[in-house]
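In what follows, a single structure is set out as structure tokens and then discussed.
Each chain carries a letter (A, B and C) given by its place in the written order, and its residues are counted from 1.
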Amino acid sequence: MVQDSDSGSRPRRDYLRIEGVTRRFDDTLAVDGVSLAIAEREIFALLGSSGCGKTTLLRMLAGLEAPDAGRIVLDGEDLAAVPAYRRPTNMMFQSYALFPHLTVEQNVAFGLWQERPRLARAEVAARVAAMLELVQMQRYARRKPHELSGGQQQRVALARSLAKEPKLLLLDEPLAALDKKIRQRTQLELVNLIERVGVTCILVTHDQEEAMTMAGRIGVMNEGRLLQVGTPGEIYETPNCRFTAEFVGETNLFRGRVDGGALHCEDFPAPILLPADADPDDGGEAWLSVRPERVALSRAGAAPAGAGCNAAVGEVAEIAYLGSHSVYHVRLANGRIVIASVASAQWRDAAPPTWGDAVRVAWFAPDGVVLTR
Amino acid sequence: MSARARAGATAWLVVVYAFLYLPILCLVVFSFTAGEITTELDGLSLRWYAELLRDEELIAAVLLSLRVGAFAASAAVIVGSAAAFVLARCGRYPGSAAFAGMTTAPMVMPEVVIGLSLVLLFTHPVFAFLGGRGVAAIWAAHTTLCTAYVTVLVQSRLREMDRALEEAALDLGCAPLKVFFVITVPVIAPALVAGWLLAFTLSMDDFVLAAMLSDPGSTTLPVLVFARLHHGLKPEINALATVIVAVVSLAVVIANRLMLSAQKKRMAAARHAAGISPAGRSAVTLRDPDNRSEWIAHP
Amino acid sequence: MKRARCFLLRGHFWVGLLPWAWMLLFFALPFALILKVSLSTPELAVPPYVSPFVLEPGAALPHFRPDLASYRRLHDELRALGLAGADLQYLAAWGGSLLLAALTTLLCLVIGYPFAYHIARSREAARNTLLMLVMLPFWTSFLLRVYAWMSLLDSSELGLINRLLLAAGLVDAPLQLLYNRGAVLVGMVYSYLPFMVLPLYANLVKLDQRLLEAAADLGAQPWMTFLRVTLPLSRRGIVAGAMLVFIPAVGEFVIPDLLGGGDVLMIGRKIWDDFGPNQDWPMAAAVAVTMVLVLIVPIALLHRHGRANGNGAQR
């Protein structure tokens, strides 16, 4: 998602700077030397599997956890000495953490009540009303949290964390408690809302689709380390390591040795041609990642692929029909499975191949991505 | 379940409830006798209730028990919730196991042993400043005993409380001490109320500690009743029992009503919310908020 | 974080100070005193014992001169076990207490298990009320409930049960119902039944009905299902309930005192007598020490099973 460029002053590029932040719990290194710069009014997603330290990093930004090493600078201010309750950040918790003994209204007002100097009663009421209107929860102002559905609770939690107009909004798996249908609808709603408010936002998720839908940039995390930062397109099309390639979307990974611009791989019948712009060290170990939708599938008897193509013949082992496309698992002669995603429209003229059929898989050399780690 | 098994089950329930309630029923029935004998309905009258009201010794004992009970329960709630907070939130530190053992041990120690140990404390010359035996000693003993129960109740409530609530309050700019009073205390309030009531009934009903620690000026109701039971039975005791049973039943019925209606309202509201947005139902948690089984009484 | 942690620790320190101080003063210290007094010599004084710590003139620190007489007395009784004509009052009291506590526990289990089981299996709407009915008597006065049994079991022709029996012509003369071990047992079972029922209920109500259906589906007879599924799964509830009854029953002395008359000796009552009329505090303290030692095993059992049983159904 691209930021509005016409919104007044130019956003600063390093509004939030995280420098070498590390946090260790007993024997686990939950966050390991993460450095990151986030621009003003950016929506940034931290993507990673369960237990990779996303929540811990977020909690350190909120001040609920202190880094063992590293610095966090927000809008030019080092946050190290600022306790959680004085930080200009607000967090939306994974479980929402709505106060059960307060009404929706009071929950949203809670942060405003803490402001010093005190805010006038009327101002608090006005801001709460505005917030509830923003998330369309005016009707439920007098309800207690347990009288709300999951989606409504989520919106109240969002309103509560936005009410103080934080410099940095932290969302920990904001939609995890919703089921799939609602989640997809809410993702866009949430992005629109955040952009309308114009707050800088870090969002944690382990759902790659959610990250790609909502964020302008994504940081991929694994085992406490930040592996790659980039736009959704960059992350998907040009992963810089095996973890990213496999975690974001599906991929075919071939491991081998680089020799003369080709990858010699035991799994593949011929040396794999590499994209021209990649120049890994000769003789070094490398991996090639090819996305299934880049792999073309044709009947073995059809005309062979042209030059600059990697191709191999195998038989269909598995087909998953998914409506718009089908995923074929093709077993090569040496037993290696190659996954190809084929648009249903491709078989307009002929019957699609079925189990046991001999097929050819092929991809253009530039469609592969060479990975060295 | 077959019809025969069901009949057997019902029969067993009836038999055991009869065992539990018949003695109490007898007490109540014979409290209305006009005669002197506790097991004969010699005409109906409220004579013994009138007698009860005239019995100054007994009324003094009741008032003392109420006072000790209220003070002990309040102190137990304060000490017990502090102990529960330490147990639930401080993790392990040197001495934490000893502390956990100490706070809950009075619950499982025979009362004679606790009573004896406290008598030794209060009569020890070095601890004369505690004032020796008397009302204050009984209060301290009851507080110690009740603290154990309150600690268990409050601790389990704290454990199941979402820590994120406190963190959210911090995050919204609330200072730690204030968080405790505006978030933690209201959230665990039901446990505090339950703990107070439990402590109050424990203290009102305790005979052993009160008897061992009382001096002539501090006769609580159970101590007085025990003495009277040794000096021959009078229907006045039946009248007293009837009054107590009536008060307790009324309190329990009211409390139960309140709890049930609150629960019903919650469930209806949750159903309503789920109806508006059916998919959100999974996130709405419906659980017994009162943990009834922890409302354990004391004989 | 260092600073924040320090702050938190300090905060916790202040919160912890009150309960720590309270428990040290009113629980740990008194127990140390019991140990000390059990090693003292009884004397006609206030308080009625001579401390084992003797401060001799000229010495800076007091000397420790324990008087083991009280323990020796218990030990002698153990040694005299089996000898004719030996005076075994403490040992007899211990035996009586353990036997009565065990019988009480057993009877409570036999009565309480099916009771709790059927409550747990009854309709959900009825369960709350049924449970409330179990607890209600126990929020009323304990002494008055024992008193109720005194008038029920009264041995004269005025006792309620005796009057029923006489009226029905089942007996010619009133039976000696009160002031014997039977009366004590009835009173104890009556008083401690809820402590068995509540943890059992808490356990049984969580029993997944589908397990029973699965067992039936696999061809198990109902009694086999009970023996092989229900009973093993409720083991924790049984242990917790049994300990909750057994532990206080061992130390009980009010019920034996009111329903048992003079010759039902129980160890709790020995402590009471030595402490009260006999004014032999060292002996009372020594017996209390042995009681704590004897009860450590069931308390540990309760701790392990009661905790795992959840729902703090303690005591």
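Assume contacts are C-beta pairs under 8 Å (C-beta built on N, C-alpha and C of every residue); 3 or more make two chains touch, one makes a residue touch a chain.
Heads up on the chains, UniProt names are A = Spermidine/putrescine import ATP-binding protein PotA; B, C = ABC transporter permease subunit.
These numbers were taken from a predicted model, which means no experiment stands behind them.
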| item | value |
| --- | --- |
| Contact-richer chain pair [B-C vs A-B] | B-C |
| Most widely separated chain from chain B, with each centre as the mean of CA atoms | A |
| Chain whose averaged C-alpha position falls nearest the assembly-wide average | B |
| Distance from chain C to chain A - Cα centre to Cα centre, in angstrom | 60 |
| Averaged-CA centre spacing for the pair chain C and chain B, given as whole angstrom | 18 |
| Approximate Å spacing (C-alpha centroids) for the pair chain A, chain B | 53 |
| Multi-partner residues of chain B (at least 2 other chains) | 176 |
| For chain A, residues contacting two or more additional chains | 83 |
| Residue ranges of chain A touching chain B (in the complex, touch as defined) | 59, 62-64, 83-87, 89-91, 93-95, 97, 99-101, 110-111, 114-115, 143-144, 146-153, 160-161, 164, 177-179, 181-182 |
| Residue numbers on chain B that touch chain C, as the complex places them | 1, 5, 9-10, 12-13, 16-17, 19-21, 23-24, 26-27, 30, 37-40, 78-80, 82-83, 85-86, 89-90, 99, 102-114, 116-121, 123-125, 140-141, 143-144, 147, 149, 151-153, 156, 176-177, 201, 204-205, 207-208, 212, 221-222, 225-226, 229, 233, 237, 240-241, 244-245, 248-249, 251-252, 256, 260, 291-299 |
| Interface residues, chain C side, partner chain B - complex | 7-8, 11-12, 15-16, 18-20, 22-31, 33-34, 37, 46-47, 111, 114-115, 118-119, 121-122, 128-152, 154, 158-160, 163, 190-195, 198, 201-202, 222, 247-248, 250-254, 258, 268, 271-272, 275, 281, 284-285, 288, 291-292, 295, 299, 302, 311-315 |
| Of all residues in chain B, those that touch chain A in their complex | 162, 164-165, 167-176, 183, 186-187, 189, 266, 269-270, 272-274, 276-285 |
